[in-house]
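The data blocks that follow each hold one structure.
Next come two complexes built around subunit A: one with subunit B, the other with subunit C.
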Partner chain A sequence: MKTATATRRQLTWARRRRAVAKFWGDYRQNRAGLFGLAVLAVFVLSALLVPWIVGEDALSVTRPAGEPLQPPSGEFWLGTDRSGRSVLDLILWGSRVSLTVGFAATLISIAVGSLIGILAGHFHGWLSGLLLRVTDWFLVMPTLVLAVALAAVLGRSLSTIVIAIGVTSWPTTARLVRAQTLAVEARPYIERARALGGGHWHVMTRHVLPNVMPIVLAQTTLMVAGAILTESTVAFLGLGDPTVPSWGSTIQAARDTGAVSSGLWWYILPPGIAIALVALAFTLCGRAIEGVLNPRLRNR
Partner chain B sequence: MFHTNHRGRGLRTMLAGLLITLLACATTLFAGTGAHAETKDEKTLTIAVSQEVDSLSPFLAVRRLTTALGRLSYDFLTNYDPKTGKTIPALAESWTTSPDGLTWTYKIRDTKWTDGTPITAEDARWTFDTMMKDEAAATANGNFVENFESVSAPDPRTLEVKLKAPQATMLALDVPILPKHKWEKAGDFAKFNNDKEFPIVGSGPWVISAYEVNQSITLTPNKDFWRGAPKFDKLVFRYIDDSDAQVEALKAGEVDFVSGLTPAQAKALDSAKDITVNKAKGKRFQAITLNPGARLQDGTTFGDGNKALQDPVVREALVRTIDREAIYKTAYGGFGEANGGYIPSRYKDYHWQPEGDAVIGFDTAKAGQMLDAAGYAKGSDGIRAKGGLKLSFRFNVHADNPQYIQAAEMMREWAKEAGIELKVEPVSEVGALLDAGTYDILTTGWSVNPDPDYILGINRCSGLPAKAGGPYLSDAYYCNPEYDKLYAAQLAELDPPKRAEIVKQMQEKLYEDNIFVVWGYADQLEAFRSDVIASMTPQPDPGGNYDSQDGYWSWWSAKPVGDEDKAAADSGGTSSGLVLGGGAVVLAALAAGFVLLRRRGGSAADDRE
Partner chain C sequence: MTELPPSDAVPHLDEVRDRGDRGARGRDGDRLRRTTAYLGKRLLGAAVSLVAVIFTSFFLFRIIPGDPVRVMTHGRPVTIEQKEALAREFGLDRPLLEQFVSYLLGVLRFDFGESFQYNRPVLSMVGERLGPTMLLVGASLAISIALGLWLGVQGAWKHGGTADRVNTGVALTLWSVPSFWLGLILIVVFASGLGWFPTSGMKTPGVTGFDAVLDVAHHMVLPLVTLVAVVYAQYLLVMRSSLLDEMGSDYLTTARAKGLRDTEVKRRHAVPNALLPATTLVFINVGFVLFGAVLVETVFSWPGLGKLFYEGLSVPDLPLVQGLFVIFSAAVILMNLVSDLIYPLIDPRVRP
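And then the complex of A and B:
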C-alpha cells in the first residue's frame, strides 16, 4: 500500500516535470516572452540585492550624497533628486516597493478571484447567483476612487494601496475562472469522478483547480503590471507614504519640484521609464504564457 | 477559452505605463492653448492664479486672491507706504485722536464711487456699523471692530470712532469701505456674494467688470481714481491650476505674471528670455505647532495628543533636533531665511530673533542628553520612553505643500538620532484634526501683515475655542497669561517704539515655550514678462513682492512696455515686399532662434557646474 502511494506520487511528479519541460520548450519559442522574462529577472534581482549594492544610507535626506537637483554625471548616472540623493538609487529602492505592491495586490486578487470563480462555477443555483452579483458589484468599483477613500480612512500607507488594488481587481479573475470551471466540469471525466463518489471538495481541488491554474498564471502576470501601475498612480496622486521611495512617489516629488517646467528630465523620466519597462515585461510574459496555453494564438 | 479583451487590456496597461510620465507633461502643454484675445492697442496684464474664489463680498472673503481683489476694487481708510511701510492717507485724508486714545476722527476724501455717487463718511460708518451688528458681516474682518464702542458720521466728511479701550491698529484698519447705497439692500450678508451685478461699484484703482467661475476675473481701470488711473487697460486673473502649466503659460506669453514658483522653477526661469524673476523676502513664516494639550477656554481638555509634549523638556529637545538652516538650504533651494522669530524679518520694527544663549539651536546630542537627564531612556527599538509615555509622535503635514513634506522627512531623520520617532502623515487639511485635538505635531504657516496685531492676537487664551468643535483661529492651543498681558499692553500702547518693544517680548515668550516653533521665512518667488510689464512697485520697495501685497501698488503702478515708444512703432513698416520678404524673415528668425536656444542651453549647463 505504502509503495503503491509512493509510486503514484512519483508518477504524478514525473508527469508534472514533463509538462513543465514542454511548457518551457514552448515558451522559449516566444522571443518577446524571453525578453520580458530577462527584464523581469534584472528588476527582481536588483530589488532583492539593493540593500547590499546601494545600502540604506542612500535614502537619507539629511545626509545626501550630492547637492540637490544635479544633472547626470559620472558620479550620479541619473542625477540627483530635490534632497541631493541619487535618482538611480531611488529607482533601485523604489523597485522593491513597486514589485512588492504589485505581487501582494495580485496575490490577494488571484486568491479571492479563484476561490469565488471556482465556487460560482461549481455550484449552481442561489449560491452561484449571489456570488456573481457580488462579483458584478465589485467589477464596477473604480480602483482609484476606492484607493482615495481608503487612504482617507486607513491613512496613507502601502498596505492601504495593496488592499485597494486587491479588493477591486479580483472580479475579472473570478469571471475568467468561473468560465473555465464551467468548461472543465462539462467534461465527461468529471461526471465519472462524481459517479465514483467524488464529492464537491474532491472535484474542485483535484480536477478543477489544476485545470484552471494555467489561466490563473496568465492572469497573474498580466495583473501585476496593472497593480504596479495603479500603485504608481496612487503614489503620484500623493496618497502613498512620502517617506518610502516608490516610483510613483518619485514622479510626484519631481512634479512638486516643478521638474516639467524646469527641464529636470533626469528626475521625472527614469521612474516613468522603469514603470513602463516592468509593466511591459510582465505583459510580454503574460502573453507568452497565454500563447503556450492556447494553441490557437500560437501561430499568429 | 481566453477572452480576447483581456489581451487587449494587457496592451493597454503597457501603454498606460508609458503614459504615466507623459501625463505629467501633458497637463502642462494643454493648459497654454487659450487664445490671446487682445487688440493691438489694448494693453492687458494677465496674472495666473490657482486659488478659487470664496466670495467677492469683502465681508466674507478671507482667501489671498479675494482679499487682494478687495484691495484693488475698494479703497481703505489708510494704506501703507511701499517705501517706508508707514501709514499713509487713502480714503481718509487725515486723522486725529483724543488724548485718551479713545476717540478717533477721520476726514474722508472728497471723491466718487465708480458709478458717480459721491463717497461720504456715511458709507464708512455704515460699513463698520454693519460689521459690529451683523455677525455675518464680521466674518472676514471682525477683529478690527471688536473693540469699537460706536461709529458715527456727524457730517459727510467726518467719521468718528469711539473705542472701549485704546487700540493700536486704528491706522491699520484693513477693511474695504463699501458703498452703502448698493449694499444696504443686499439682504442676508452670509449669503450675499456680490457676484451678480457687474461692473461691481467700488472705489479702488480697478473695477471688477467680469467674473467667470474658475475661468477668469477681469478688471478694468477706474479712470477717475484719485491717486491716478492704472496704466494697463485691463487686468485679468486667469485660472491655471497646475504650477508647471503656469510657468509654461508664462514662457509662451499666455500670462504675464506667475507667483508661487518652486525654487527649481525660479532657477530655470532666471535664464529665460524676456522673463524677470523676483525673489522677495517672505511675509509668511513656516512653522510647526506641538500639541501642548488641546483645551477649551474653561480648561476642559480634549483630544488625544501625546502627553509627553506637555513636558517642556521634551518640547525643547524636539526643537533642538530641527536644523532650520538645512531646511531652507535644501527644501527651499536656498530661497529663504532660517529664523526662529515669529514676525518675519522684513518687518524690521517688530521682528525679534533669539541671540546668544537664548538660541534653541540644532544639536541632536544635546537633545539626547536633555532627555537622558529627564529620565527618558531609549528602548530596544531606539525610541525613548518614560513611565509608559513613548516619544513617538504623529506629524501631520499639509500634503499639498512639497516643501513641508521635504522638511518633515528631514526632521524625521534628525529626531530619530535623538531617539524620538516622528511618524510623517500627510493630510489634505488639518482643520478637523485641530478641532478634535487629535494631533501631536502640525505644520503651519501664516501671512503677517505690516501691523502685527492680528498674528499676535490669535495665540491669546481668549482665542481658545469656547465650546468643543467651536471656531478656533490659531493652530497651537497656546495659552500663556503673561503673553496675554503683554498683548493687552501692546494694543493700548500708542507710542510705536514702545509698542515694538512689547511685541518683541511677546515673541520671546512664544519662542521660549516651544509650542509655536517657527522655522523661518521662505522667499516669495514670482516671475513676470519683462516684454509686457516695464515696471511696477514692489512692497516693500525695494526687495518686496508684487503678488498679494498689503496695498494695490503693484497692479496700480504697473507700466506696459512700449508706452514710451508707441509713436515710433506706429510709423514703421509698409506692406510692399512684405510677402516676399516674409519667407526669408521666417527662415532667419528660425536660424537665430536655433542659435539662441543652443547658446542658452550652453549657458545653463555652465551655470549648473
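And then the complex of A and C:
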C-alpha cells in the first residue's frame, strides 16, 4: 500500500516536471518574453537586495547625502532630488514599493476573480446569475476613475491603493475564468468524476482549478503591469502616501519642484523609464505565456 | 464605417437558420419581434447599469468616507460651527435614506448639488468644461483609431516583417509608458526646451477670429500626441490579431482563386471582417480614453472635465467628484450600449 502511494506521487511529480520542462521549452522560443523575464529578474533582485545595497538612511529627508537638485555626478549617478537624496537610491527603493503594490493588488484581484469565476461557471441557476450580474456591474464602471475615487475617499496609504486597484480590476479575470470553467466542465472526465461520487468541492479544486491556473497565470502577469501603472498614476494625482518614495510620487515631487520648466531631466526621467520598463517587461512575459498556452496567438 | 463584405464571403447564418426551420411567411414579423426584444434587453441592461452607478456613487462618496465634512475640511482650520453649517448645507444631518432619495431625485434632474470649493452648481461647471474635453478626446480617438487600425492591418498583412516587429514593439512600449510622464517629457523637450509649443492651457488671451482656431490647434498638439501615444496601441494590437485570425480563412483563398489582386483581397474581404472586434473596442475603450484625458488635461492644464476631476480630487470636493464620476460612468455605459446596438448592423451573424 505504502509503495503504491509513493509511486503515484512519483508519477505525479514526474508528470509535473515534464509539463514545466515543456512549458519552458515553448517559452524560450519567444525572444521578447525572455527579455521581459530578464528585466524582471533584475528589478526583483534589486528590490529584494536594496536594504543591503543602499540602506534605509538613503531615504532620510533630514540628513540627506548631498546638496538638493544636483545634476548627475560621479558620486550621485542620477543626481539628487529636492531634499538632496540620491535619485538612484530613490528609484531602487521605489522598485520595492511598485512591485509590492503591483503584486499585492494583483493577488487580491486574481483571488477574487478566480473564486467568482469558478463559482459562476460551476454552479447554475440563481447563484451564477447573481455573480454574473455583479461582474457586469463592475465591468461597465470606468475602472481607473473608480480606483482613483476610492483612493481619494479612503485616505492616503499604500494599502488603500492596493485595495482600490484590487477591488476594481477583478471582473476581467472573473469573466476569463468563468469561460474556461465552462469549457473544462463540458469535458467527459468531469462527468466521470461526478459519477464516481465527486462533490462540488472535489470537482472545483481537483479538476477545474488546475486547468484554470495557466490562463490565470498569463492574466496575472498582464495585470501586474496594469497595477504598477495605476499605482504610479494614483501617486501622481497626489493620492498616494507622501512619505513612501514610489516611482509615481517621485515624478509628482519632481513636477512640484518645477523639474518641467527648469529642465531637471535627471529628476523626472529615471522614475518614468523604470515604470515603463517594468510594465513592458510584465506585458511581454504575459504575452509570451499566452503564446505558449494558445499556439494560435503565437505569431501575434 | 466600412462596406460589408460581399454576401458570399460571410454566410448569413440567421438566414440559413431561417430557411431551415421556418417558412418564408411570418419571417418578417418574427424578425421585428426579435429585434424589439433585443433592443429592449439592451436598453434595460443599460438602465440597470446606470442605476447601479448611482447607487455606487452614493455608497462611495457618502457612506465610505464616514463623515464627508471631516474628509473635505481635512487639514483646514474650521470651527465646529462651520462644520455643522456645512453638514446642514449638504443635508448630512438628515436620515441616510432621506439623503439617498433626495440625491437620487437630484441626479434624475441632472442636479449634482453644489461644489464644495467653488460654491457653484456642479452641472454648470461641467457644462463649461465639456467642450474642451470633447474636442481633445474626439480628436485623439479619431487619430488613434485611424493610426492604430492602419498600422494593425499593415502589420498583420506582412506579419513577422521588420516593419511589423518595430510597430508592435513601439506600440507596446508606448502603452507601458505612464501617460502623465510622457506629457511632462514632451513639455520639457518641445515646450520649455525648444519652445515650439505652449506649455499649458488652451487659448492665448486676446486672439480672435480664425487665428483663435489656429491658436487652439497649436495648444492642442502636445496633449493630442500624448493621448494618441498611449491609446493607439490597443487598436493596433486588436486589429492585428483579429486580421491574423482571418488570414487563414478559406474565403480568402476563394477570393484569390477568383483572380483578385492582393490589395483587393485585403481591402474588400479580409479587413471588413477583421474590423468587427476592433469596432467594439472603439466603444468599450472610452472609459480608458476618458481616464487618459484626466491625466493629460492635468499635465497640460487643459480646461476640460479631466482637469476639473483632478481639482475635485485634490480637495477632495466630494459633490464635484461624485458628479463627474456619474457622468464618466454614464458616458461609458452609453458607449457600451451604442456598441451593442451597432454590432448587429455590421455583423449579420449576431443579428437577432
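Basically, the second predicted complex is superposed on the first by the 284 of 300 C-alpha atoms of A that agree within 3 Å, B and C clash if a C-alpha of one lies under 4 Å from a C-alpha of the other, contacts with A are read in each partner's own complex, and residues count from 1 in each chain.
What we mean here is this: a residue touches a chain if its C-beta (ideal position, glycine included) is under 8 Å from a C-beta of that chain, and two chains touch if they have at least 3 such contacts.
Predicted model only: the values in this text are computed from it and were never measured.
*Asks:* Per the contact definition in the header, classify A:R194: touching subunit B only (first), subunit C only (second), both, or neither.
*Replies:* neither
*Asks:* So, A:H202: does it touch subunit B (first), subunit C (second), both, or neither?
*Replies:* After superposing on A, A:H202 lies clear of both subunit B and subunit C.
*Asks:* Specify the partner with more touching residues on subunit A, choosing between subunit B and subunit C.
*Replies:* B
*Asks:* So in the superposed three-chain picture, is A:R255 touching just subunit B, just subunit C, both, or none of them (first/second/both/neither)?
*Replies:* After superposing on A, A:R255 lies in contact with both subunit B and subunit C.
*Asks:* What is the contact status of A:G286 with respect to subunit B (first) and subunit C (second): first, second, both, or neither?
*Replies:* First partner only, subunit B.
*Asks:* Looking at A:P71 after the superposition, I want to know if it touches subunit B, subunit C, both of them or none. Which is it: first, second, both, neither?
*Replies:* After superposing on A, A:P71 lies in contact with subunit B but is clear of subunit C.
*Asks:* Which partner does A:I275 contact after superposing on A: first (subunit B), second (subunit C), both, neither?
*Replies:* both
*Asks:* Could you give the residue numbers on subunit A that contact subunit B in one complex and subunit C in the other?
*Replies:* Overlap of subunit B and subunit C footprints on subunit A: residues 225, 229, 232-233, 236, 238, 248, 251, 255, 259-261, 263, 268-269, 271-272, 275-277, 279-280, 283, 297.
*Asks:* Would you mind writing out the residues of subunit B in touch with subunit A in their complex?
*Replies:* Contact set of subunit B toward subunit A: 1-3, 6-7, 9-11, 13-14, 16-18, 20-22, 24-25, 28, 243-245, 247-248, 251, 261-262, 264-265, 267-268, 323, 326, 330-331, 333, 399-400, 402, 405-406, 408-410, 412-414, 424-426, 604-605, 608.
*Asks:* Which residues, counting only subunit A, touch subunit B once they are in their complex?
*Replies:* Touching subunit B from subunit A are residues 60-64, 68-71, 82-84, 155-156, 172, 176, 180, 183, 215, 218-219, 222, 225-226, 229, 232-233, 236, 238, 241-243, 248, 251, 253-264, 268-269, 271-273, 275-280, 283, 286-287, 290, 293-294, 297.
*Asks:* Taking the touch rule as given, give the residues of subunit C at its contact with subunit A in the complex, in rising order.
*Replies:* Residue positions touching the partner: 49, 52-53, 56, 60-61, 64-65, 71, 159-160, 169, 172-173, 175-178, 180-182, 184-185, 187-188, 192-193, 199, 237, 240-241, 244-245, 287-288, 290-291, 294-295, 298, 309-310, 313-314, 316, 318, 321, 325, 328-329, 332-333, 336.
*Asks:* Touching subunit C in the complex: which residues of subunit A?
*Replies:* So the residues of subunit A touching subunit C come out as 32, 136-137, 140-146, 148-150, 152-154, 225, 229, 232-233, 236-239, 248, 251, 255, 259-261, 263, 265, 268-269, 271-272, 275-277, 279-280, 283-284, 296-297, 299-300.
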